[in-house]
Structures are given as C-alpha cells and as structure tokens.
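Consider the two complexes below, in which chain A is the common component and chain B and chain C are the respective partners.
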Partner chain A sequence: MKFNYAAPVTLEELSELKKGGGKLFSGGTDLFVKMRAGVLKPDLVVDTKKVETPKLECDKGLRIYMNTTYTDILKSGCARKYSLLMKILLEVGSPQIRNRGTPVGNLGNASPAGDFLLSTYVYDSKVIVGPSMREVPVKNFVKGPGKVDLSDEEFIYAVILEPLEGYTTYYEKVGRRNSMVISIASIAVALKIESGVIEDARIAYGSVGPTVVRFTDLEEKLIGERPKKELFESLAMEYSDRVKPITDVRASAEYRKKLTGNLLIKAYLNMNL
Partner chain B sequence: MIAIKISFKLNGKWVEADVEPYKRALDFLRDDMGMTSVKEGCSEGECGACTIIVNGRNVHSCLMLAVELDGKDVWTLEGIIESGETYISEAYADVGAVQCGFCTPGFIVSTKVLLDENPNPKEEDIKKALEGNICRCTGYARIIEAVKEAARRKRGDAS
Partner chain C sequence: MRVIGKRVRRIDAIEKAFGKAKFTNDLSFPRMLHAAVVYPGVAHGVLRSLDVSEALKAPGVVAIATYKNVPNNEMGIVTKDMHVLVPVGGKIRFEADPIAIIAAETREAAEEATSLVNFDVEELQPVLTIDEALRDDPIVNGERNVAFQRKIRRGDIEKGFQESDLILEMDFETGYQEHAYLEPQSIIALWDGDNLTIYGSMQCPFYVHNDVAEVLKLPLNRVTVIQMETGGGFGGKEDVPSYIAVKAALLSYLTKRPVKLVYNRDMDFRETSKRHPSKSHYKVGFTKDGKIKAVKAAVYLDMGAYSTLTPIVMYRSLTHAASAYDVENIFVDVYGVYTNKVPTGAFRGFGSPQVLFAMERVMDEAAKRLGMDPWEIRYKNALEIGKATATGHVLEESVGAKETLEIVREISDYERLKEEVRKFNEGNKYKKRGLGWAHTIYGVSLGAAGQPLDASSGEVHVKMDGTVLVMIGGTEMGQGAKTVMALIVSEILGVDVDNVRVMQPNTSIVQDSGPTVASRTTVFSGNAIRIAAERIRDNIIEYLKSKGVEDIKIENGYWIADGKEIPFSEIAREANAANVKLAEMGWFSTPKLNFDFETGTGEAYVSYTFSTQLSLVEVDLLTGKVELKEAWVSHDIGKVLNPVGAEGQVEGGVVQGMGYAISEEIKHDENGRMLTTNFNNYIVPTIRDIPRVHVKFAESPFSKGPFGAKGLGEPSLMSSPPSIANAVTDALGILINRLPITPEEVLLKL
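Moving on, here comes the complex of A and B:
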C-alpha cells in the first residue's frame, strides 16, 4: 500500500489538504489499523502533529485540543478533577495506545465503542470545528458509526467538557476493546444527589447502538426520586427494551440488551448511594 | 513517490535517512537500520512486539510512519543494552522470564519506561504498564517477577 504524507504547520494548510482528499491522523491508532485491514485506502495522509496548538485548558471547562494524547491528560494535574474521565481514559487500550492515541481522533473515528466518546456524552461536551471554530454539541456532531458533521474542509480543533461538580459517577466496559473489534457494551453514569433526592442523572451507553446513546426521557424518571434499588431495576428493564444493539462475533443482540439493564443495576449497587 | 529526508536520534546518535512516505517505523528500523529487536507480530497495535521508545514514551512502531521519527529521540533494545542498561534483560534471564523470546524486547522496552518513571512499582502498576505486551509462552508470572527483580537491581537493593 503506497500513499503520500504531508505535515502542515498551519490550520489553513491542514484544511486545504483535507479538502483535497487527504486523510487526517494524529496517533494513527485507528487510521493505520483500518488502512492495514484495507478498509481505507487514502492517497494522502495528513499528519496533524506539526500544527502548534495548546494541549489542555482547565479554567472554562476542560478543553482538549487536537494532538493531545490520553497520556498527556492522565499526567496533567489540572484534568484530575474530571474523575469519571480519568477512570475512562485509564481503560483505553494499553500504555502504547494511550501514548499515541488522542481523544480528538476517538471523536473523529466516531465508533459507538469509543470510550472517550462515551465520556463526552456524560459531560455534555461541545466540539470546536475548524477552520471557522463553530461549536457543536457532541450529540449533534456524531451522525452514525464513523459519521461526523464535518464538511470537506472542516476538522476537529478541540472538544470542551463541562465539569460535573458534586456528582457520583460510575464506568464499566464489558469485553476488552481490541483494535478492530468493539467491546460488548459500556456504561457511564453520573448522578447528582441533593438531600437524598436525585437532582440530575446522566446515563450513557456504548456499543449498544449505532452511536453512543443517552435517553433523556428515561433519565428524567429518576429526577426528584430517592435512589432506591426498585427504581433502578424497573428503569433497567426500560433501557433493555429501548436499545437496539447488533449481533456480532463477540455477543448477540439479545445478550447485549440484557447486559444493558444489568449494567445499570450494577452501577447502582456500586455507587453506594 | 518522493522519499522524505529525516534526521533523528537513534539510540543516542543522530542519524539521517531518506524514507518513503508510506514506510512504517517498524519496517524502517528493522530493515533499513538493522534494529532486529523490533519485531513484527500482529501489525495492529495488539501484541507489543514492535514496541520502541519515542521521546521517553513507549509506542507501537507498527502504527507509526518512519517520517514521524524526524527530530525525535528514539530508543530500541539494542541501544538500551549498548548504553550499559542491562539490569532489565539480566533480570528477565535470571528469573526465567524468557522462553521463545519473541516478545522479550518489547517487554524490556516497556519495563524500562515503567522503571524510569516509577522505580518501586506495585504489582498492579506492573500489570498496567505491561498491558500492551502479549506473551504466548510464559503465562506472565515470571515476567512480573522479572520486573520486580529489575526494580530491586535498579534501586540497588540486594536480592
């Protein structure tokens, strides 16, 4: 497989090269695997790492810029209060993958199994799209498996996570995520409880639909309630009914549906509310 | 396709080379630079046999292009041994953590990165640090023992 390589130093050049059909990459941990498997055959790959961008900013929400790796975030002091994010990032791949892979690449790949992507749904994140720097909520940005709201000249510049203060959180991934194979299912939960009553609830699932999913009407059923086991058990059944997973080599759709509900009950039991 | 000139530090010495834009760092280091400790296993980021150190962090050379090495500080097992840092490979050999040996260079490289950062790792730290390296022979118990032994030797504790 032969292809050309470009490494622009400005965002304008990067945008031009992408418009001309170049395939962007930062860590290459998704792109090169797909090229190796013959799923993608670009004539030109565009390395984004020579463009000078900030790494992280923590003052107004957490801003993660392109080319910032998982390891950069895990080692930075200022991102530490995003504890759910930290839990999730520690489970991505392996040290070698975290040293090269980037959250922005995870977003660009838009896999329903993407672990960083899962976290962005819970943190009500926004994507900053270059070169115009327009901001889009992540749930509108991701259109389907591998599909994102970017025109030919557009690219992801950064993503902003809003802090979750006073929330109890939970994360679990079932089945190891391999390079080409998606995990069986994953869940991320954030609950805010004030004087024994649930004030806010965010529940996101990975790998049980074409994108990461959150059902706000089901989340609302928790608001104003006390966190009782029965409540979560009945909600778990509704989640199992609602999700539309697929059958693949790793698990059947039926199994994933059952798992969806069970993961919520497990999250409840582990959060010690 | 026009070759691209790169210059980078390989095992402590600056080198220059012309590389095809599509050549993987793995093939370049192994075939052009003669660094045969860099092994090709899965070619998709799973097995860790191709692990090298770039600017102090361990990465898969199978998921990296040779051109990306430009300007970087790159280490392979050859350089680690040549520079006299043999305590890790010796610990692996002494403890019996090497069977077929195919995975061993990758494990030693990942062990070096761990011990440079954390000279006193707990068992969980060791497991986490070696998550990206697969061994089909040893069953890992000896490897974990070897890392603990290497850590003792690095700290200068008597073993």
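Moving on, here comes the complex of A and C:
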C-alpha cells in the first residue's frame, strides 16, 4: 500500500489538499481501518493535526473543533454538564481509541452506528463547515451512510452542541459485548418535564437506518402528556414499525426492529419519570 | 514443600509485561525476505490454470512457489488429504486453500504481488453445513463426506432404556470458535544449503520438525526447530504452525535466503483452524430417582475441507460424550464430516466442549422433569474410586469429582443464592436471573489414541555458579509452563526459583517430547524434569556423603549439611570442582493403556480432571443480552503446584468458555466466504465483560503426576458453556440447546 502524506498547518492549505482529492484524518481510527481493509485506496492522506485550532469552547454551546479527541472532552471540566454526551463518549471504543479518535472525524465518517453522531441529533447540533465557516444543522448535513454535505474544498471545522438544561436523559448501545463494539442498535433520549408534563422530547436511534433517525411527529405525541408507561409502550410499537433497519453481519433487521421499540421502553423504565 | 503450592510470581512475568520477551516478529536476519500467500477466494472448485509470470515481474518479488516447486506436496496428520499448494487440475476445497506463495524484499511488495497471480477456477457447488454434507452431493474430499467414525458400544443399551423411567431425547448444535490468540501465526525459515532452521510461534516444535522435513524431503538431523515466545495457542498452534512453516521453508529452500511469514488477522481467521461446529442427538434414560441408566448419542463434527486433527479430536468427543458420570450402558457414534470451509482442529477441550454441553443440558432437563435439584442429580451420578468412566475405565485413584461438587455448593452458599435469585426475579419484570450447574470430566494427556506420542524428555544443567538451565520439549505459550518447571527444580534442588532459567525448546537439543496439548505438560515435562533434578540431587548427596557428611537437609536457596547452612551456589561450585555430574536427562512415559477401539472401551486416559461450575447469569428481556455475573468453580487437578497460575487458568477458561457460549460467532456468506475475519465482528469478551470468578481447588493427588499434579489447561474452559446455558434456561424457562446463545435468538424466542 503506497500513498502520499501531507500535514498542512493552515486551513487554506488543508482546503487545497482536500480539493486535490486528499482524504482527511486526525486520529485515523476510521480512515486507516478502511484503507487496511481495502475499502479506500487514497493517493493522498491529509493529517489535520498540525493545523492549530482551539480544543473546546463551552460558553456559547459546546464547540468541539477538529483534532479534539474524545479524551479531551471527557477530561474537560466545562463539558461535564453535557451529561448525555459524557455517557455516550464513555462507550466509544476503548481508552486507546478515545485518545486518538475525534468527534469531528466521527461526524465526517457519517456511519449510522457513529456513537458521537447520535448525540449530535439530540443536542440539535450545528456543523461549522470550513473554509467558509457556514453553519448547517446536523440533520441537513448528513445525507446518508458515509455521505455528508461537503464540497470538494470543504471540511468540518467544528460542531456546536446546544445545552440541554433541565432534561432527563438516557443512552444505551446494544452490542455483543460491553466495549470495543459497533452498535447493533443504540438510543439516546432527552425529555424535559415541567410540573409532571412532557415539554420537549428528543429520541434518536443509531444503526436502525441509513443515518441516525429522529421522528419529530412521534416525539410530538409525547408533548403535553404525562410520562406514563402505556404511552411509551404504544410509542415503542410505532418506532418499531417505522424504522427500516438492514440485516448485516452483526444482526438481523427483525431483531433490530424489535430492539428499537424495546429500547424506548428501557429508556422509560430507567429514567424513573 | 518449600515452593510447590506457594504463591509465586511467574518467572517470565517481568519480561513479558515490559515488552522485552522476543516473539518471532521481533527477529530479523540479513537478506531476509517476506512472504505472502495467494488464496483462490472460492470455496469449492477445480484449479484450471495458474500463471505467476506477471507477479514475478512485480518490483521486489524474488520468488514464487507453486505446487511444481514442492518436493512432497501431500500433507495430513491422519490421512494425506491435503496439499501444501493446490496443483493445477486439483480441487480447491475452501476459500483460503493456498495456491501460491510469494517471497519479496518487503512485506508490502509480497502482498501487492498476490493480486497479480492469474488463475482460473471451475467453480463447484460449495457444501457449507453438516446437513448438506450428509447428502454426499457433491463430495468435498475423498470418497464420502462422512469420512470418519468412532464408537462406544458398552453394556446393553436397549436394556438400559427398558429399565429407565424417564427417557429424554434432545438435539444440540454448537458453533465455531476462533482461538483469538494475541499473536498471529508467525514463522521464520533459514535454509543455508545444508541445514534448515525454523523459528516460530508454536505449541508443537516436533510436529513442525517432522512436517517440514517430510515436505522438503530432508533428514531430521538437518532440520532444527526453535520455538520463540508464543503469544497464546489454545490449540490453534498445535498443527497449524506446520502449514505455515512449510510455506516459509519452501521459499527459503528455493531462494537460500531467510524468509519471514507473519499472518495478519484476516489470513489467520480464514486459513487456520477453529473449534468444530457440531450437531448431536442425545437419548438418555434415567430412573425416577435420577440415576442414569443409558446414554445413546450421535455426534457430527464439521471438520471443514481437510481432516487434519479431526480423527483424534473425535476420540475425545467420544470418550467425553457421557460427561463425568457413572453409566453402564453407552452407545455413542461420532462422525467427522467434510465441508467446504476452513479446516477445524484443536481448540482447548479438543472435541469435548460440544458433547459436555449436550450431556450437561440433558442432566438439567432430567432434573427438572424428575423434580430434583440440578446439583443433586449430578452428585447422585458422580464418579468415585471403584466406579467406571464412559469407556469402562475403572478408577483407582485421584477422583475428586464429588468433592468439587461439594466445594462449589459450599463456596456459593447455594441455598441462599437460590433464594436471592428467586427474590430478584419476583422484583424484576424485565431482567431475570438464573443459576446453572455443570459437572465435567477431562482425560489428562493424549490417551490411548495418542500413546505413541506420549513420552517426554527434560534436561537439567546445574552451572558452577549455582544457576540452573532447564530444557524441555514442552512449550510455554502463556499458560505458565516455565514457572511450573522452575518450581519443580527449585523444590528438588533447593535453588531459588529466580535462579532457574527455562530455555525455549529446540528440536536439535531435546528429544521428541510429543506435543504441548491435552493438558499434559505439567505431568509429562514436569515429571521428566523431576527425574532429572532428582538425579542431580542424588549425585550431590552421594558426593557429600563420600566426604563424610551424615545429615543433609535441603532448604529454599541453601542446603544444610550436618547443621551447617551452605548456599546452593557454593554446593554447585564445590560439586563441579569435584567432577560431580551436574547435568541429567529425565524421560517420562506412562504404562500402556489397554483400550479396544472396536468397542470404544477400556483405559482411555492416564488420569482425569474433574470440574464443577455454578454460573449466575442475568438476562435483559428487552435486548436479549445474557450477562455472566458470577461463577463459582472447583477443579480436582491433583496437587496444585502453582496456585497463582492455576487460578489464572480457571479465570481465563471461564471467560473463554463464556465467549464461546454467548458472544463469539463465525459467519459465512452463501458462497462459503467468511464474513467475520476481524475482532470488530468476531466478538471476544473484553475486560468489561468478565464476571467475578470464585475458585477453590479439590486436590486429590495423582500418584504418577509430579508431586501429585494432574492437568488444568483445558478443563478450565469446559464447565463454563453448559453452566451458562443451563443458567439461561433456568432464568427464562426456554430451552437453550444451541451455542452461541445470541441476544437475537433469546429476544425472538421470548
């Protein structure tokens, strides 16, 4: 396997190299796996780590920049209030992978099983696309498995997560083991309850469709309701019917459909509403 | 005992923990080439043409070997049913059946050239399951797909069923298991025109020695095999390193340059052996008070494209088919079946986990039907001195079977535990817990079917500074063999454990000692070393007595001669100066076992390890996930020589057995190509999956074992899968008769 390597130091150089067909990487935890498996055979790989960018900013939402690793976030004090994100990041791979892998890379990879990607849907995140620094909501940014809204010269500069204040959250990733595993299905839920009534509901699933899925019409059915088990049980059935998962080496579509509903019931039971 | 049975740190711990130990891939030689293997990627077909001319022109490529270059292209352990390299006109029988091997200046150059080898395959319908194979259309190999059979015919099976009050008939299935050793297959071969030297990761240097000499038609005294530090074996490095070594050796033979062949994980998954998938049918008769009257079983093992070790694996399936119980009437058939998949072979347990799982599930179902506790039905049928195993081997000593059952019942506080589980299940709608027992037997060493290999050599050299060099034919692959050897020498000679060095086995120094398999190293290499060390001790005592010393005591690190403490180093220096013989060889073999292969009856093994496990599982009814939360285990391994190592073996065995039971699964596509060729989709447990394991040994000494020891390497795994399956059945009330227990299967069955 022979290929060229470039390590730009400015965003302009980075953009030029990407325009010329370079594949970007920071930790390489996705790119090199694909290259080793022969899925990608780039002529040029572009290491983004020499580009100086901030790590994290917490004042206006949580801004996560390119080259910021999962470990950077987990160790940072100011990100701690994003408790759902913290739960999700702790389930990413292993300590070694979290030391190298980056949320921005996970977003760019746009796998429906992406752990960080799941969180961005619940935090109503926006993607800052360089070099123009245009902002795109994540749900518009991700177009399908491995497909994102980036032109040849564009790259992900940062992602902004809006805080969830006063929300109760739940996260679960189902895999055949408890770490170092790609999810068979995953769920992230955030509910805001005021005076016993649901005011806002965000329910996102990973690995049960071509991208992370949220069905806002189903979420709306919860708004204004009291969190009762029957309500979640019937909603679980609707989610189960609605999702269109695939059968792959990890599990069958039938199992994933059943899990989809069951995970919502588990979320309800574990949130102690 | 000074060091035997004491908690001692393993002698190779520091060098391994700090990365100093030398593995094959750490070695390099001047002018060394790197090899790559060309696979057809087709599961079944006839190789019609093969053209390497384009690949030979690729930059860096030095040589390419095809069938035309192999001096003796026929291989096979029991039958010669495979090729080193598939010839043109010959059959390809699985996707990774090698057709050519390439040597190049770099690994990358060799790997890139593999895609430049041109070949045509006339594809045939692949045979992918045991059921398909039984139809014999098409034939995979030889004359029939069911190529081997072994049987037990003991007692009167029909009379046994007539005397039974309860007859259970059950079907079972088990899947593959990959060894998942940390270090993949690795070999370096150096042919200098006269002599061939092989360095490699392996369990059985003497197998490699014989196989390489046979393929290259070289005399054995011109071939030296040196085992390097080996990063795990679990059976996967029993015969397989021979197949890797012949490839590297052939390329070295053709180029007269050193050749390194290190497999990547994908190659290792696709080409090298696995645990046999199985299907079995059991019919077992019980009296109403739970006594087993008759066991009838038909067991099919999927041996893949080539038979390799299967006929020997089948011997173990056969002899362990009735588990650890006293049964008079037994009728067992075990069949080996060819399919167009990776050849299966040795894996920790060697054909016994499949049948122990089946029989232990039958025991639980019988207990349920008869209203007995699963512990009680096992205790009632457990073996004791004077009773006979499934093959009719009357046990004369070292039977701690019942003791292991008693220990586990006690350390788990079973009655209280049952009550806790009952309460948990009452209070939880979506999570259920269950308890499952397993009580198993394991024949130590190769047994009657492997007796020609069942002898071992060991040499002990005491140097004049009092340090000791030990040479054995058994290998250290992570299981702790070196530490056990050092403990034995230390105990006998009074030398500090730290002053004993155990060398890597070298076939030109040590006589053929058989394979490092079958949980035999402690007994065989251990006894050989014991004999050698005792001889040296006696030589020194004789010398001291000749000098007029009357009272001699041996302590740890020094000797006491007539009340005077003398460091061992000083004793060694003095004895050496007096020309005392300080180098001895020990040779150990066991008396011939009487076994009738026609009826499958007689003395199957020299001794047996007995094991009991109780598992506590929790099943998530919303995801179907099974979690092994806690396990209580007891093994009768005779005298425990190294408690730290023994406990580690048990913990590792429980976890590897758990992987087999609940998470590990090999899948193929409809054309017979493996889909799970890496650890992202072949799921072995991680540190976050492992349960609490409580271990307490029963020590029923074996008179022929060193200090009374038996074997533990394999039995530590076998109690785990059935006890987990029984626990899941207990938790859910659904029958778990298939391994692995996937969350998918559990959820869809609920």
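What we mean here is this: the second predicted complex is superposed on the first by the 266 of 273 C-alpha atoms of A that agree within 3 Å, B and C clash if a C-alpha of one lies under 4 Å from a C-alpha of the other, contacts with A are read in each partner's own complex, and residues count from 1 in each chain.
Going forward, a residue touches a chain if its C-beta (ideal position, glycine included) is under 8 Å from a C-beta of that chain, and two chains touch if they have at least 3 such contacts.
None of the values given here were measured: they were computed from a predicted structure.
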item: Touching partner for A:N99 - first (chain B), second (chain C), both, neither; value: first
item: Partner chain in contact with A:V249 - chain B first, chain C second, else both or neither; value: second
item: Chain B versus chain C as contact partner of A:F32, first or second or both or neither; value: first
item: Contacts of A:V174 with chain B and chain C, given as first, second, both or neither; value: second
item: Chain B versus chain C as contact partner of A:M1, first or second or both or neither; value: both
item: Which superposed partner A:L269 touches (first chain B, second chain C, both, neither); value: second
item: Set intersection of chain A contacts, chain C complex versus chain B complex; value: 1-2, 94, 178-180
item: Chain C partner contacts - residues on chain A that touch it in the complex; value: 1-2, 94, 174-182, 184, 249-252, 254-255, 258-259, 262-263, 265-266, 269
item: Residues of chain A that touch chain B when the two form their complex; value: 1-5, 7, 27-29, 32-33, 36-37, 45, 47, 49, 71, 90, 93-97, 99-100, 178-180
item: In the complex, chain B residues that touch chain A; value: 1, 4, 20-22, 24, 43-46, 48, 51, 57-60, 62-65, 67-68, 110, 113, 128-129, 131-133
item: Residues of chain C that touch chain A when the two form their complex; value: 108, 112, 430, 622-625, 662-663, 667, 675-676, 679-681, 683-689, 742-744, 747-748
